[in-house]
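Chain naming follows the written order as A, B, C, D, E and F, and within any one chain the residues start at number 1.
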Amino acid sequence: MPDLMDTYIENRKMIQPNHANNLDTTHGGNVLKWMDEVGAMSAIRFAGSDVLTARMEQTNFRGPIPVGENALIESYVYEVGTTSMRVRVRTFREDLRTAETELTTESHLVYVAIDEEFEPRSVPDLTVSSDRGAELRDAARKSDENNEHGE
Amino acid sequence: MPDLMDTYIENRKMIQPNHANNLDTTHGGNVLKWMDEVGAMSAIRFAGSDVLTARMEQTNFRGPIPVGENALIESYVYEVGTTSMRVRVRTFREDLRTAETELTTESHLVYVAIDEEFEPRSVPDLTVSSDRGAELRDAARKSDENNEHGE
Amino acid sequence: MPDLMDTYIENRKMIQPNHANNLDTTHGGNVLKWMDEVGAMSAIRFAGSDVLTARMEQTNFRGPIPVGENALIESYVYEVGTTSMRVRVRTFREDLRTAETELTTESHLVYVAIDEEFEPRSVPDLTVSSDRGAELRDAARKSDENNEHGE
Amino acid sequence: MPDLMDTYIENRKMIQPNHANNLDTTHGGNVLKWMDEVGAMSAIRFAGSDVLTARMEQTNFRGPIPVGENALIESYVYEVGTTSMRVRVRTFREDLRTAETELTTESHLVYVAIDEEFEPRSVPDLTVSSDRGAELRDAARKSDENNEHGE
Amino acid sequence: MPDLMDTYIENRKMIQPNHANNLDTTHGGNVLKWMDEVGAMSAIRFAGSDVLTARMEQTNFRGPIPVGENALIESYVYEVGTTSMRVRVRTFREDLRTAETELTTESHLVYVAIDEEFEPRSVPDLTVSSDRGAELRDAARKSDENNEHGE
Amino acid sequence: MPDLMDTYIENRKMIQPNHANNLDTTHGGNVLKWMDEVGAMSAIRFAGSDVLTARMEQTNFRGPIPVGENALIESYVYEVGTTSMRVRVRTFREDLRTAETELTTESHLVYVAIDEEFEPRSVPDLTVSSDRGAELRDAARKSDENNEHGE
């Protein structure tokens, strides 16, 4: 039974000119792509198999990330069904020179575990055995609730 | 005053090996990125200025697109606020050999029109002067309602 | 028997920094690549099979496309042989903010329909059943003639 | 006065999966793009300034290049006008394991030398001071003539 | 005074078809590129300024990483001079499905901190205030010594 | 028995915005990647088979290459073992407008020849039959010695 903390991944992507519009800040679409990629890593690690993206919940962009800074993407599984997993993915703008970070985008993605014939396969139970894990799970659930009742 | 049909764009993207996972079907993240790109084209055309992505509504993936087929992306502005625009974006899997298409992903994105200092600027009114335009607007609104009440 | 209008495709590509030289305008080579890609889409749609590029006719570049604007590429099949198809492909510079477009490049490409062993296979007849289709075919033929007699 | 041999460039590009269609051979469009890139290098070296692509002559594809082999591109300036240069560019399929090469595509490109305001600027005279240079110039001219009289 | 642990970064890169040779395993060159990128992140975080890569020490490749697995790259600053920093960077092959990892490449890179005129600027002192930090520093130094005396 | 000169390859890469940091000069990591790619070409040509990168020797960066200039990469095999080859790879910054070149990076890479099961296979003997070849071999050996005794 994998623990929530086993699925916790942080990944960085340096913003390059091709990721940016002519305002020199990253296109929203690139951030969405990276969030799906890192979210899938958490889901694969939990499921122990390949996964497909089934859903991305409503996603708000609070601010852009300029060329030369990083997109810092944090991801973890916090709820599981029979064959599906809910993953919380947050993107921060990070300036490594100043160590400043700022939340720019948050979303929840649903992935389905699949076998080699692309058929859904069951996933294990999720354990949460540390204070840090419980905190992360609670924050994800709270953010889910806020989404349901509008922002 | 631009018409809805002035913002209607269809764009194709041939799925290449790097767009795909090791199941030879496109990553969800690539589709999200292309939807944002084409949606932004509709919004820029409507606003007559640059735009920023403000929100992507809940997005469900109904099926994958295999390498060698096209992602056919359809986009148009259907509601406008003072400085913002709602854009419906749908992705179809298209096999040009057989002319078959199949809806794989649908979403609604919100863009904000900005001036050269990145400040929000007002957008014109939206007109809908053709039957085809009215049909597209109604379909977008209905799809919005379904989203609000769960799927 | 597919109609000319069934093969009519418009596709857009936003010019990004990597598409550009240090004058901030797109390399001619990128435009050639995109013209081949969109022309192949028209040919595949007509042939109902994969195709190979056999020839690109003389191609003149009338002007560059700056970063941040679109290359708008228009393509359709207008003549067919036993196994080959002639496709007219035109590239326009498009500024979505002002809705201005301007023809920058025009060419004619020849594609050959192939089967799964890479052998040429026959293509259907081309029909032209609308005024718009007849107009497009005549424009393509006229442009062919101009090329033959020098420009 | 630069010599023809000063502009002679050979460049290689290993064919990767994204350069290929689902027949595992390179798209014609990629070859066109690389030919323009290497041709521009010869022209820049001759002109001593930036250049713009003005024309690509009729280009025939004699055969594809499979993934894992190289596109070997050979380029040199062989005729010059007041502000323009004609460049012969040939692409060979090269298998480095067997040292086999085979001509797959040949074309002639015209570039215009430009100054910092994008205005045409004059180019020097072309000298041909070696037997190898004379041979290459004659081959380019002969290939030009063949093109004019059809193939 | 930044601590060694402040510079500790783990980053993942999923191996895609274009990263691979025709043996379906990643080119060594891609791994070198990613190691430089992640090492630079550690150095920028330490220096609080931009950096340039000055040297990469001898680097051995113990094994390839197949398409569909991750390159997991670990990086931290462990020695500093007046304007330079030594960074240890290790790459592991990681299969997220099985949670297996295996060291494939290890190297030491030297970066120089620079100011806005590209001139070297001084870096702060490095502190090591935790057991984990001391362990990482000792492992990096030991690996340095082994390199000096041959492997 | 292949000759040293048969493995001599020069390749150019125009520096584009995505190859560069926010100082508009190329990342060291891109240069490392291109050196491995061109070095592998020399090794494949010598071995007559696929190869794997086994080692990159200490590599110093003497200066950056700005966007719009070329990385000119020179590579050749100069020593061989039973199944391995040593390749000298040097990168020059080249401005085609002025024909100026300047050495920026030099390294030595070791590749291993492999058969279709990825097993090492023996390589032929290396001949050096020209003055130019002998000069290149001696320069490579001398550079090896300098590395061993520090720089």
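Basically, a contact is a pair of C-beta atoms (placed from the backbone, for glycine too) under 8 Å apart; a residue touches a chain by one contact, two chains touch by 3 or more.
By chain, UniProt protein names: A, B, C, D, E, F = Acyl-CoA thioesterase.
Owing to the predicted nature of the structure, the values given are computational and were not obtained by experimental measurement.
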item: Those chains which touch chain F and also touch chain E; value: A, D
item: Contact-graph separation of chain C and chain E, given in steps at minimum; value: 2
item: Angle of the C-alpha superposing rotation, chain D to chain E, to the nearest 5 degrees; value: 120
item: Farthest chain (mean CA position) relative to chain E; value: C
item: Chain whose Cα centroid lies at the greatest distance from that of chain A; value: D
item: Whole-Å gap between the CA centroids of chain B and chain F; value: 46
item: Whole-Å gap between the CA centroids of chain B and chain C; value: 25
item: Residues of chain B whose C-beta touches two or more other chains; value: 17-18, 21-22, 37, 50
item: Topology of the chain contact graph, where touching chains are joined (line, ring, star, complete, other); value: other
item: Pairs of chains, among all present, that meet the touch criterion; value: A-B, A-C, A-E, A-F, B-C, B-D, B-E, C-D, C-F, D-E, D-F, E-F
item: Touch list for chain C against partner chain D, complex; value: 21-23, 27-30, 32-37, 40, 50, 52-61, 64, 114, 118
item: Residue ranges of chain A touching chain C (in the complex, touch as defined); value: 17-18, 20-22
item: Of chain B, residues touching chain D in the complex; value: 16-18, 67-68
item: Residues on chain F engaged by chain D in the complex (per definition of touch); value: 6, 9-12, 14, 37-38, 41, 44-45, 47-50, 70, 96-99
